[in-house]
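So that you can tell them apart, the chains are marked A, B, C, D and E in the order they are listed, and the count of residues begins at 1 in each.
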């Protein structure tokens, strides 16, 4: 076993999304604090690199980490296109990637890889959960609005799968759109009871604010994935977030010892609940800690480390989870609702569970067996 | 009223003036003559503050104006009709006159009406943008604009350049009329004959240096000066 | 039919908003011939400042005024320290230096704000909707913003076209040396114009704040669109900028609304829904290309 | 272009003495020669990641030199060269998708694709001049950006990875050193072409167009066609650089087509000095190395870069290459 | 009678309501100097620009040796043998005088400038350029940058550039503007020399020059030709006196 484990931590640390990267890095560090700065008992060095949310930059950083820093494995990724780019240069060289977030339907399906592990979710599964929840509550007219790119298409597909049929209106908008006058009029014309939103970054914030001002909020219930409606966006959304229903595999109010320790420690440090991105980042550390210890520290041997990751029974803050054959988790999904917090501000109230031990829909397309 | 002594300087490292002098008294018309490129325009640029002399002294109405910014000098009462007209292409004739107008003292002050009386042609083209005026019209506009700032000293640099004989004559007649109002004038021109009619005093520039000064009759006599410094 | 009317209204609305953003840019270009890439950054400063002032004063109107003034003050400072040295330079140098300003401004604001998107509440009075004739329910805040933009447009046109100050500004645009010769301090005029342009950008940012996400980098998104508008309108022409902003607003909005319908006869639903947004995003640029090919100097060249 | 102070003048009066000519030649190319030597020796001197940065710098430098070329010759400020850069890169992606792996086939295709696009875009854009030209080139580049980023088969807005680097006649380019030398060789070829064209009657006419287009027309030159020729040449080179970028990153995404890339290429060209043949290369290397070095210490590295760029523009008016050349003893390239 | 090199037939151009060129008929014979005079704003420069192709006329035709060229672009007209000078000097400021002229000789040598030969190596072009500079008396200044030349020298340089094109007709728009009297003499001499090889359409306000050079004079007033004939005839023409010269000659 090596004396020290070097983690190649690539994330978006500058630019508009830099704050998300920072939130995740904070949680990752908190996780390492809780494991005593070690993984499986071996001291850890965190080598961080900023990808600027650009795949090309990420490739540069990843190469540098492999060649100069000789990292043991990669972690810390945020955006799916950056994950794809890093995977392209890293996986063929038998380096293992354990990403907290950023999995696309392709990496879960045809492009699944034995060296790639996704700790959190697949975007479309979350929207599958939303679709299924809306269907359950008997809503018959739904509008979907999503950004016109792979993740947006995944979200729309996932929704349809869960909902069981096509929505009344499906609107795709360009990346970074900030004016939604035309779209809100279209939604109003469709007269839906719910609107499902997948607009990443500032686009989503702009939509929610204009949605609030349009008066549609009185008749239409907005649904989104939890990572769009949590502590990372509350400040920017203000009252526009209130009433937003959201689905995800985790809530700060899940009742298990790991989660309690995490949430409490995070609150002490930052004075608010952790976001779901922070949670996934923290959970990654818990997974790695267990896997390294199972592999007896032999992280330099991909086969051993891979097996350990696959079968790690770690004390996840999400409770009971395990990896499917595509290295994406099989887990529960919960419904939350943004509401006023008792101490002022907003929080994500846990409403109930949607799916139990749900595997994503792409597992069948992945040929990997283990 | 204005006196410039031993002006030296030029553009960056290029020295153009090597001791140019000009003096103008109240109500006097002074002609500055010399061949092409001898530094007439450069001298004027120093008088109006566009260039700062490396050496020499300029005083106007009893105060030194070396290093004073151009717009302050203009406000002290120096009006310029520059070489090449320099009208504002995107302003109409009317707007030129509005923008330039600054109140002058007494009943003799120039007003828009008086300028339009002097140049009836401008009155006909009040709404036209200056870029669409012909050369002569632009020249009239440039003179009108300078007059409206109600200067105490008017400087004209090649005001008849590129104009038809008829218009040229018109401009000369206007200048004569203007000079009669008691305004001090410095005029640069190639037309020696016309200058002799209106100017009281002559300064001849050669290679950036004032080489001859004298009054109109002396100048008319000085055939050698004409030959040597003016090439006629 | 009603939806079409509503979409036209959306387009006009968006156009006026864009005008407010582009007006300052057009003014500065028109007078100083300066390509100011940092205009977007001033827009961003306005939005962030409004959020901060709203936090302190709890008063929307006050925060907008303060933000506008702050942006104007920043403009004043930037003009005196940096921009003034750029007037006599090539457009290329201007692009480069103001690009440097963008980098700096973005990082500075990221550092100050912690990189988290900011929030400014929409004012209580305008948080609801208004009922327009024809049964169109419309966000009151948008109506307010666009009326302010319309007033700003009118005021700018009046000042520039009708007042002596406006003439002076236009004169400085074409021949600053001659303006000095008739007794005006062109340096001061430039500083003032730049500050007014910055103030307009700040006002636009402060007013747009409640509609969008106030975040670092918001300036660059509006920057390109503003330049497109200024160029279509004819460089430096406020009237042209106004017309171009309306055209862009309408083309963009109607494109987004109608493109899927237009394509749906031809392609499969999947292709339509993914291709329509891309195509409507290019519409504005197609509009610009067509205008420039027909009239290289823009709609209203000076 | 109002203020390109140091013009491209064809000096007739070269020293006649051969020795003096050689010494003079070496001195007036000193900055360029040093840089090329540094690039050539880099794989033996530096760690691999620094070599990687230099390779990247050469790729962007090639594109920036092409951008600088049409400013110097033809007075065209293009804000849309990202389109040709991106098209070159996407050509590689598409070629690989249809099963090609021979670089000597793929790269010319990339060059042709970019050249063809620039022929169409350029002939429309060249109806305008000045700021309108800047904006219309940007407009066309944005169209290309939005269209390509909506094509699902090319990965949409996310882009796609390449399988591996292409080969030259069966020789793999996977080795960073080998790839570095291939890029360097291509860069030198590009410089030869640009230098030769710059001294030709065409280049002279183009330099004339920058100064006074109306005069050139009055001399009987079809100025628009000459400008189009230069524009297409520049775009073709940029396309080659784009293809190399695809090979370098092994990942192609619309980010390569984004207007910010056009802006960065302009910044590189100007920072390095548009009057200099190799200005763009200097600009690109300095900018990218600064990014790599400063970002080691802080994620706020742009806060330092901004003022550096501003100061460079205000006080280093000619750009880096001429300034360095002056330090090394006179002459120009 | 020889065929005119240039004929204008009912040429008309207006801006908005203002008719700048009004039904102008004009011809220029080979090797004649045809002067065009008229008050400021009469439309002389506009007419020159239409002949040269920079402005497209609304109506009428421009004929070159009998062939219609009303709508062909500038560079093709230059190839046919037209050249012009500008009312405001127009040279390439960053080039040397020699390179300015060489650009002209290279243009006349081939319609498509080569991209791969070295311009400086084209010795014939260089020699011809040098000859043209000599003809206008600028040989000693051939290596000075154009921006460093004096105004009068720049005027001469412009003529040299026009000469290098070996035109059959030169359009000269106020070649004497801004030039002092001694230089104006030398320019007049150059022009007199020039008429050996080509026809000249001369716009000029300096009547001394006009009467020294012109074979024929046409007078343009408010866009219309009001008189045309030999210099002496035009000088005595009543209409012209009223509109252009004015009655008495005190100034």
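Here is the rule we use: contacts are C-beta pairs under 8 Å (C-beta built on N, C-alpha and C of every residue); 3 or more make two chains touch, one makes a residue touch a chain.
According to UniProt, the chain labels map to these proteins: B, E = ABC transporter ATP-binding protein; C, D = Branched-chain amino acid ABC transporter permease.
Everything numeric in this text was worked out from a predicted model, so none of it was measured.
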| Which chains are in contact with both chain C and chain E? | B, D
| Neighbouring chains shared between chain C and chain D, ordered by label | A
| With respect to inter-chain C-beta contacts, which pair, A-C or A-D, contains the greater number? | A-C
| remark: Cα centroid separation, chain B vs chain C, in Å, comes to 44
| field | Between chain E and chain B, distance of the C-alpha-averaged centres to the nearest whole Å | value | 31
| query | So what's the Cα centroid distance for chain A and chain E, whole Å? | reply | 75
| What parts of chain C, by residue number, touch at least two of the other chains? | 110, 274, 277-278, 281
| remark: So chain D residues touching two or more other chains come to 4, 146, 149-150, 152, 156, 300, 302
| query | Which chain pairs here would you call touching? | reply | A-C, A-D, B-C, B-E, C-D, D-E
| field | Residue numbers on chain E that touch chain B, as the complex places them | value | 15, 18, 37-42, 87, 150-152, 174, 177-183, 205, 207, 243-246, 250-251
| remark: In the complex, the residues of chain D that touch chain C are 1-4, 71, 77, 124, 127-132, 134-136, 138-140, 142-143, 146-147, 149-150, 152, 156, 259-260, 263, 266-267, 270-271, 274, 300, 302-303, 305-310, 313-314, 317
| said: For the complex, give me every residue of chain B touching chain E. | reply: 35-37, 132-137, 139, 158, 161-169, 172-173, 190-191, 193-194, 197, 230-232
| request: Provide the residue numbers of chain A that touch chain D in the complex, in ascending order. | output: 13-14, 18, 50, 54-56, 59-60, 63-64, 67-68, 80-81, 84-85, 87-89, 104, 148-151, 153, 174-175
| task | Report the residues of chain B in contact with chain C in the complex, numbered from low to high. | result | 48-50, 69-71, 74-75, 79-80, 82, 86-91, 95, 98-100, 102, 145-146, 149
